[in-house]
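Naming follows writing order (A, B, C and D), and every chain is counted from residue 1.
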Amino acid sequence: MSYYYSMKMKKYIQDFEVLRNERLSKDYYLLKLWCEEELPVIMPAQFAELKINDSPSTFLRRPISIHDVNYEKNTITLLIRIAGDGTAKLSEIRQGMILNMIYPLGNSFSLPLKDKVLLVGGGCGVAPMLYTARYFMQFGFDPTLLLGYRDKESVLRRGKFEKYGNVFYTTEDGSFGEKGNVLNHSLFSPEVFNFTKIYACGPEAMLKNLGKWAIEHGVDCEVSLENLMACGVGACLCCVQNTNEGHKCVCTEGPVFNVKDLIW
Amino acid sequence: MVNLEINFNGLKLKNPVLTASGTFGYGTEFTDFIDLNRLGGFIVKGTTLNHREGNPYPRMAETPSGMLNAVGLQNKGVKVFCDKIYPEIKDYKTNILVNVSGSAIEDYVATAEMINTLDNIPGIELNISCPNVKEGGMAFGTSCVSAAEVVKEVRKVYKKHLMVKLSPNVTDIVSIAQTVEEHGADSVSLVNTFLGMAIDAKTRKPKLSTITGGLSGPAIKPIALRMVWQVSKAVKIPVCGLGGIMTAEDAIEFLLAGASSIQVGTANFVEPDATIKIIEGIKYYCRKYGVKDINELIGGLKS
Amino acid sequence: MVNLEINFNGLKLKNPVLTASGTFGYGTEFTDFIDLNRLGGFIVKGTTLNHREGNPYPRMAETPSGMLNAVGLQNKGVKVFCDKIYPEIKDYKTNILVNVSGSAIEDYVATAEMINTLDNIPGIELNISCPNVKEGGMAFGTSCVSAAEVVKEVRKVYKKHLMVKLSPNVTDIVSIAQTVEEHGADSVSLVNTFLGMAIDAKTRKPKLSTITGGLSGPAIKPIALRMVWQVSKAVKIPVCGLGGIMTAEDAIEFLLAGASSIQVGTANFVEPDATIKIIEGIKYYCRKYGVKDINELIGGLKS
Amino acid sequence: MSYYYSMKMKKYIQDFEVLRNERLSKDYYLLKLWCEEELPVIMPAQFAELKINDSPSTFLRRPISIHDVNYEKNTITLLIRIAGDGTAKLSEIRQGMILNMIYPLGNSFSLPLKDKVLLVGGGCGVAPMLYTARYFMQFGFDPTLLLGYRDKESVLRRGKFEKYGNVFYTTEDGSFGEKGNVLNHSLFSPEVFNFTKIYACGPEAMLKNLGKWAIEHGVDCEVSLENLMACGVGACLCCVQNTNEGHKCVCTEGPVFNVKDLIW
């Protein structure tokens, strides 16, 4: 498969100190973590496996995307949506507590070959898109972001996202940006659409529709998937995604796949 | 200095800590976290005669203090193992065993025969206990007759250490252990996973594509420990104990119950360096309690 | 309004929630916390023909998400039950079943016969699966032949609802369930505890006086659920499901798997009002997901 | 058996708010808890079953003696010794957190029939002795306390204990009070010993020796035992103690037994 799968980056098990836990909205929290040691290079769409402390009902680690990185300050930021007990515990974590992570995991979005690229995030899927936009920008690209939310109250980190690209919004109820889901946005109307590549993360249904659209319109499209994981390092074979080449591990051969390769 | 070395019926283990098949990939997945040469050994993924895609996603469900899996022996087949994977791992200075799985006796035999040719593989673990493949696996491990048959046939072609992995999903694991001993096993390992199930109450659907799957992790430890205790009293060949081992204390409990070595499985998912922590922890325990030789602990349960 | 009523092969349950034998005393231990009349039923302590002192202390060990017990059927015998305890509990407006245990067929029969005379006991739960008594119990429940025998003999003298409690420590629980169905059981309950063991690494001693004991609690839920699913597809009589039920969601999973009622066991130790919370939780679930009648959920697993 | 076993007190499941968690020494913590509702009457040596929150390794509740009660302020005080994961979690609990208890459980020390009584506590076994002393005092008794510790650093709540009785000490190393274990104390020398009854709580070995001594010297002696418990309410039959009348539940027919009745 494509070149970006072959990258072998060293993985670390490290303790991070929680610098800040900020509630962004009803279900979303922003965790800022600091590590004593220098951070390794992290690629866009890579993730970490977090150990959940003090949770009687959470036995395995939980995969969470890298939302942002600050190499000068040795900090990593995570965007957490409460989905169940494990993420609920993460939302309760307080400053000064220690969080153990295995990272950086997975492959990454490939660097665009030419401008203009569209980054699409839906709901919790906006998480990896901030660092992706920032990363692409460093390489001279000027990404456009399209972020889909339920409603105005759910919109996350506007100021931050808007620093790294031109940002458009959809909300299901139309209370912010255009009404509908991301594919309903006018960016996708034939007269307007002028991107060479789409990068996306979000709910499976959104990614499938987007992938179908991209293939039909001959647009290159990479998606970051969120399968259930046990190990995160390619050992258990639990996280597989069916592809043209058979079952692939989302944790090591993903989370990023080109939609052309997926059998959905 | 504490002696951690064990002679496991001919297999020389530098310490009693191995890794469990299917939870440690081919070892290479863990080299960022630990030095494989420090392990007593590792047991690679379930290997079958032919390539298998395994079961459809979803294959995993978390349970209280454990997990269910329904991987279904996804692997590229023994030929790819011999040609591609073996050369990459063969020089680690530890015991690399191959977990041999199958759904027909001929397949087990053919697979074992090929592995027999690999110089640096000192043994196989014959998996007659996988609950996650329709056509067999566990079926062999749940009756004495069929267990006897597969062990007998594999023994004919396989000349090195033959460990047989037993299923816990049986009424009488002792008689199965005795049967495989009788038919030529050099050791037994137990337990494989327990057949379990999980349902999502919201969607009313099974959480696994195959409905049922194999339960592993700390949840099963008390049952695994009991079985190891029963079996190790009843057979002369050594027992490799596993099932929910997370810490050095867990490992020592299995040794006390009669296991001569242990395997770390699901723990690798939670702590990729669990094996090393367990080895260090065993050393610490021995120093603390004045144990000079780990062999003193084996079967050392007091009453 | 949600209908929670279930006709459990003649037993009218006001809701599917019963309590498991040995975890709820005689009910009276819980009257400070809950109103017993709100339960679908409760199953009293394992009752034997003669007084039993049970096993020596220690009888309990905590395990990951569960516990081991080795109580060994301590009880004052069926006569004391009939004369002293029955009069105190008989007027609760719920189904009171007696868990009948024994170590010889004659004992089971004699005990069941005495209980048969008690007007307000609509049924017994025949315990052929206790792992904690040397002379029998579980032995009856782990082979079809012996299970058939005891059920057949008890059926002759016991005229009301005969529930048979199955052991999970078997290769094939389905055929045992079918056997007891064939020999006259009105329903089956499953599972009893799994035979397990715990060791104290520091003292190198077993944690239980009897070395092995019965594992219960959330740890066993995935295996219990799988067995309930298998058995309820294979028999016509209703299944009462149990093993690790802590919450309403757990209970609903058992119903979806095919159980027509459920029992709450170890959960009573952690939350003495667990049963009531589960009943309320089931109601809440039904309202939330538009379930009008709890019977819709039974066996309602989607694929 | 004696009259105090027959008492049937209503048990409650209640949430308590942690007012204070004070570290007393290396392994000992003092938890002060407050309940919104009025407290029921609590008898000396009764205990509570505490739910341990956020502990993946603690499944069952943990039995802890009532160390002190303030009916005016609706507070209960517990003295916790770290013995394992469950008590370690209790030691980490912070002000404002909620602790769920089932209480009051068990029988109690019987009221003395005449003065002078000796209360003996060893290590963690001093816990129930404070409330016992205070309770006896209210009924006009003037208890003597003998508290045994490892060393001077381990001595707990001196000021508090000394308010409710005449207090003597032993330490194993002699660094405070008399040297040795409680039975070595000069209070037990024939010329000095003038108590009509002993009430004791502490390590099993201490209680056994004390019981033996009491029987040999014809002194009435009640001990409070600490068996492993699953339910705390008489339902599981796990906590049994062998007695002249067979197995008795420590949680309901104990924790207090007269040494005469015990088969040790």
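In this text, contacts are C-beta pairs under 8 Å (C-beta built on N, C-alpha and C of every residue); 3 or more make two chains touch, one makes a residue touch a chain.
Since the structure is predicted, the reported quantities are computational estimates derived from the model, not experimental observations.
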Chain A and chain C, separation of their C-alpha mean positions in angstrom: 47
Centre distance in Å when chain A and chain B are each reduced to the mean of their C-alpha atoms: 36
Residues of chain D engaged with two or more neighbouring chains: 56, 58-59
Of all residues in chain B, the ones touching two or more other chains: 61, 63-66, 217-218
Graph class of chain-chain contacts, one of line, ring, star, complete, other: ring
Touching pairs - complete list by chain label: A-B, A-D, B-C, C-D
Of chain D, residues touching chain C in the complex: 10-13, 51, 57-61, 102, 227-242, 246-247, 252
Footprint of chain A on chain B - complex, ascending: 22-25, 29-30, 32-33, 53-54, 56-67, 69, 71, 74, 217-218, 266, 268-273
Chain B-facing residues of chain C, complex: 63-66, 68, 142-143, 169-171, 194-199, 201-206, 211-212, 215, 217-223, 225-226, 229, 244, 249, 252-253, 256-257, 285, 289, 300-303
Chain A to chain D touching residues, read off their complex: 54-56, 58-59
